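Alright, structures below, take your time with them.
Each of the next two complexes has subunit A plus one other chain: subunit B in the first, subunit C in the second.
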Partner chain A sequence: MNVIDRRRNLGPADAQPLVFAAPTKQQTQSKNNKTSKEEPTSKKVFIETGTIKTSNGSAYLEHDKTIIMCSIYGPRPNFTRSFNDQATMKIGVSFANFIPVENLSIKSTNSINNVNNNGEAGATTSAESQSLEVSRNELEQLIQQFCFTNYQNLILLQNYPKSSLEIMIQVVSLNSQHSFIQLLSDILNCVNVALVDSGLQCKSMASCGYFKSSQSKEQSSKGDVELLVNMASDQNEILGVYCDLNDYDEQFKKGFEQCVENAKEFKTELAAYFLGCIAGSNQ
Partner chain B sequence: MVLSPAERSYIYNSLTSQNVARTDSRKPSQFRPLKASCSFLPNSNGSSRIYTVDGLECITSVKAKVIRTKKLNELINVDVEIQGQRDDSPLGQNIATMLTKSLIDRFDLKSLKLTDKYYFQLYIDIVVLSIPSDFHFSSYTLYSLLSLTSMGVYLALKSTKLPLLTSTTNDREIEEEPSFADDWELATPLIPKNSTYSPTLLFVVGIVGQNVILDPSIEEEQVLENGLCVGFNDGKIVPPVQSVLLSTSDGKGFYQITMFKALDIVKEVGKEVVKALDIISEQDVDTFDSIF
Partner chain C sequence: MAVKVPKYVIPGQPIVPILSTSSTPSTPSTSSTSSTSSTTKIQYEPGKNCRIDTVKHKGTNIPCIVSSVLGRVTISKVDLSSSSSSSSSAAAAAATSENNGKDKYNDVSMGDTGNPGGENVDVDVYQVTVVSKNDPSFNVVENVENVENVDVPEPTKFSMSTPSEHDIVLARVTKITTSRIHVEILIIESHSSSGSTGSTGTVGGSTAADDDGKIQTRKLMTNLIPAESGETFRGIIRSQDIRSTNRDTVQTWNCFQPGDIIKAEVISLGDGVNYYLSTAKDELGVIMARSAVGGVGVGGGASGGSQGGELMCAVDWEHMVGLNSGVIEPRKCAKPL
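Showing the complex of A and B:
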C-alpha cells in the first residue's frame, strides 16, 4: 500500500504505516471443485502471492498447464483535469505472444453437420469450424470488460478519490484443452488473490467457481451446461456470471448451485492459505 | 442527464421498493415504446431502422457475398459503429462479438449454403445514432444498446432477400461457380415465413436490490447495481447469459434468486417481443419498389 493517504486518514505523508504481519512467501496447493469423492473434476491449483516486487499486490496462478500472473498498482494519484470522486480503475489483459489463441475460440453449438442438408455421410467437419474464432484483441477486450464488471462492484473505489488503480493480467501459458470460460474463471481467481495481497479496500474476499456438466471434450453434447460464478462475501453475493447453457431448466439450476458450492469451497481453501501465510510470518 | 445525489437516491428508492416504481411508470417487464421499419436501404439485401422514445436510433444493414469456404464462423460478420466512439472502442467491439456469437450459435446455416463449396457470407453492419451528449461524464455505460441492436439485427435478417440460385447445387465432382437469376422479383427470403428458425434476441435486465427491470432507461441505468445480458431463441434461454456493467458507480453483487428472477422475466416476455417484431417484419413495405 502507498504510505501517502490522500484523504489524510492516516495522518501526514511521512507517517509510518502499521505493519501487522509481513506476508511471507508460502506456496500452497489447493484442490477445488470436487463434485464426487471418486472423481476430482479439476486439477490442483498452485497459487503464490507477492511475485512482482514493484507492484502493490501480485499473484501467480497455475492450473493444469494454464499460467496466469496478475499485478495490481495503486491507488496512485490521478492527474487528470477532472475531479474524480472515486478511483478510476483500469484493467489490462495480455496474452503472451507465443500463445496460440485460436485454441481458445469461443465455443459454438452450431456445426457444419447441420448444413449437410441432403443427409449424406462424410461431411467434412474440422475442429475450428465449430467454434467462433475471435482475434487476440477481441478476446482481451472481452476478458477486460468482464473483469471490469466484476471488480467495479467489489473494490471500494469511493474510498480512493482522485486516484487510479491498475490491474494487469498476463496469460503466460494456456492449456489447449481449456475452454474460454475455464480460463476466465482462472483469471478471476488470480485477480481475487492479488487483490487480497494488495491490501486494497474491498467489500469482501471473492472467489470464482467453475462448473461443467461433462468433463471431457468427447462427452460434450449440445445440452451441456458450462458456467462460472464469481462470489463475494459470506452472504452468497454474486459479482458476475458467465454461462453457456442449452435452456433455463433444472439442469442449469443444479449446475448453478454446484458452481456456487465450488466457489465457496475455493474460498475456504484461499482463506486457509492466507491464514497460513500470517501464521508462518509470526513464527 | 447527469443525476444529482438527491435524484439518484429518489430513483434508487423507487426501484428497490416492493412495488417497483419506474421513472416512466412502466412495469418491470415493460419495454419503452419502439418504432421500427424494414427494407429501407436500397443497396442492401436486408435492412432495418429501429428507434426508441429517448432518441437512440439503430440502423442495421445486411449484405450478402458469395465465398468459397469451409469455415462456418466466417459466414456471419457483425460490425457495430457507435456515434462519437472510436471504431476500436471496447463498447462497440464487445457488442459486436456478443452479437456474432449469439447469431452463429443458433443460425440456420442451411439457408446460407449454395453448393458443397460455396456459401453466402453475411455482413451485418450496425450504426447507432443519437448517443446522449453527456455519455462521457455520466455513470451509465450504454451496454443496454445490446438489446436495441439485437432487435435491429433480428428485423434486418427477417427482411433479408437473397438472389435465386439458378446453377446446380452439387459441385462435388465438377466445380461450378454459382450463378443467380437476374430478376430481383424472384429473390428468396433468407428466413422463409414457414421456417421455424429465428435469430437470437438479446435482452438486457437491470438488477437493483432484489428487483429486476427490463430495458432500463438512461436515468435508471445510473442507479442500477448490476446487469445481465440474456439470450432468447425459440422460447428458450440461450447463451450469452452473462453479467454486463450498466453503471460505473455504486455497484453491488446480486443473489442467486434475483438472477433466476431475471431469467424468468426474459422467458416470460421473450415470446411477446418476438411476436411484436414478427408483425413489424411482415408489415414490411418496400418503399423503393413502390416508388418505381
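Showing the complex of A and C:
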C-alpha cells in the first residue's frame, strides 16, 4: 500500500509548527483595560437632524451599531372625496434588505401581538412566554401599528385639515445583539427628534425610555425583562408602553419607573440640544 | 411678581399663564411695549403655534399658553379699540401710543369673581406667538436701525401649514369653465387674519417699523409646493366670487386664462379636494399674465394658451396690455401695490 501523501495533506515531514510568543503580563492588563473602556455599560447615542434636505424634518440616530433614519413629509394635499377635518397620518417602516431580522423575536405575551405568526422558534426565557419568529413584513407592520397609536395623540392633527402627514422610518443597520424592544425604543426616539425638527405642531416633545433587567444585573427567576415607555410631557403623560411581561409584579413596577427616569433624562438632553441650536442660529 | 417669559421654547413648554397680575410683562421680543400700571391685569391669548393647556404646578392647575413647536417667542399687544383696521396699522398704533391697547373690561366677563359689583378692570391683551425655526421669518434681525436695509429671507423652507380662512394666497389658473375657475395654490402670502387689508404688501414681502426702528409687521411668503410629489393644494373660484359687482353677468373667460398668476383670498375650506377662493376685492385678481397672441417662440398662437405669450401689465381694472405688441386682453386685474 502506498503511504505517500500525494495530496500534501500532511505537509512536509520535517515541518515545524509555528509557535507564537506568549503575551506578557503587562500586555494582558492593557488589553483588559482597553476593553473595559470601549464597552461601557450604557452606549452613547449619536443623533443628527436635518440629514434629508427634501423632507420637512429628518433625524439620524446611531446607537451601538444600530442606525435608524427617519424623515417626515407634510402636510401634503390629501385628495379624497370626503372632507377631512384633520390630517391623516401614514407611517412607513422599512428594514434594509441586508439586515438579518431572524434575531428579532417577539414574545407571545405582548399585548399588541396581533400579527400573523408563522411559527415558533428559539429558546424561551420563561415557561409562559414563547419567542415567536416573525417575518420582515410582520415586524414592519408591528412597528408601524405601535408608532401610529403613539403619534396619533401627540401630533395636533386637527391643525392640518385636508392634508396628510407621512413618517418614513428606515432601519439602515442593526446590531445583532439588540432585541426587538431595544430597536423599537431607538426608532421611537428617532421619530421624536424628527418631529421636533420638522416643525409640526405637537402637544409636547416626546422621549422614550428603555429598561432591561440584565442591564441592571438583576437576574430574576423568570429571565430578562424588557420594557419601554414613550413619554409625552412633563405631566407624566404616557403615549405607549411595550413590554414582554406576564405578571405585572414588583419587577414591572421597578422597570417602569426606570423607563420613566430614562425618558426624562433623554428629554432633558434633547431640550438642551435643541434650545442651544436655535439660540445659536438666531444670533 | 413679574412673569418671566422664555425666549426660546420647545414643544409642550409653558410660556406664560393666560392671566397675569404683574405690573410689566417681561417680553423677550422687542415687538411690544410695556405700558402697564400696577393695577392692570394682563391677558395672554394664544397665537400661531400656541395653544392653551393646563399645567399642574404645586398641586394647582394653571391654564397656560403652551408652545407647539420649537422656536422663538414673540409677544405683541392686541389693539382691541381699532380691531376693524389693518393689522399693520394696529401694530404701529400699539407701538406709538402707549395706552392705546388698554380697554375697559367687565370683571364678570373676564371670569374674575373676586371683585363683585360689576366694577371695571383695566385689562391689557397680549398675543403670544411662537416663530418656528423652519419659518422664514425666524432669522429676521429684530433690532435694526434702518428698515430699508433689512434682508427679507427667501421662502426657501417648505410650509408646515395649510391654507386657512382669510389667508391671502398666490395661485396659478389651471382650467376655466363657464361657472368656475380651477387653480392650484402656490404660496400663502400672509398667515395673519387681517382680511382685506392684509394684502397691501408687495409680493416679495415688506416690513414696517415704528419710531424705535423695531419691526412690527412682516409679510412673508410661505411656499406650499411640496418637495418631491409636486402636488399642490387645489382651489376653485366660483363665478359669483370673482368680483363684487354685477356678479350674475360675470364671464369667466374674460377674467382669467389658464396660466395666470392670481392673488386670491381663501373664503372656505371647501370640499374634500378644493379650497374655495375669492377675488372679489380691489387688491385681488390677476397679478401676472401672458398674452395668448403676440408671443415670442413657443405657444405664440391662439391655441398656445397664455403661457407662451409675452408678459402683460394692467392698464385698468379689466384689461391688460402686452408690453411690446400692445395686444389688449381682458382680465380681472389686481390693484398693483
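Methods note: the second predicted complex is superposed on the first by the 207 of 283 C-alpha atoms of A that agree within 3 Å, B and C clash if a C-alpha of one lies under 4 Å from a C-alpha of the other, contacts with A are read in each partner's own complex, and residues count from 1 in each chain.
The criterion applied here is as follows: a contact is a pair of C-beta atoms (placed from the backbone, for glycine too) under 8 Å apart; a residue touches a chain by one contact, two chains touch by 3 or more.
Note that the structure is a prediction, hence the values are computed from the model and not measured.
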So, A:Gly199: does it touch subunit B (first), subunit C (second), both, or neither? second
Between subunit B (first) and subunit C (second), which does A:Leu245 come into contact with in this model arrangement: first, second, both, or neither? first
Return first, second, both or neither, reflecting whether A:Gln152 touches subunit B, subunit C, both chains, or no partner chain. first
First, second, both or neither for A:Ser173, with subunit B first and subunit C second: neither
More subunit A residues in contact [subunit B versus subunit C]: B
Check the residue A:Thr268 against both partner chains and state whether it touches subunit B (first), subunit C (second), both, or neither. neither
Where does A:Ala232 make contact in the superposed view: on subunit B (first), on subunit C (second), on both, or on neither? both
So which positions on subunit A get touched by both subunit B and subunit C? 203, 232-233
Within their complex, state which residues of subunit A touch subunit C. 54-57, 73, 75-77, 79-84, 156, 159-163, 195-205, 232-235, 271, 274-275, 278-279, 281-282
Which bits of subunit A are touching subunit B when the two form their complex? 86, 105-106, 108-112, 114-115, 117, 124, 126, 128-134, 137-138, 141-142, 144-146, 148-150, 152-154, 203, 227, 231-233, 236-248, 253, 256-257, 260
Contact residues on subunit C for subunit A in the complex? 7-8, 10-12, 49, 51, 53, 55-56, 68-72, 132-135, 138-139, 158-162, 226-229, 231-234, 269-273, 275
Note: in the complex, subunit B contacts subunit A through residues 70-73, 88, 90, 93-94, 97, 100-101, 104-110, 113, 225-226, 228, 236-245, 248-249, 251-256, 259-260, 263-264, 267
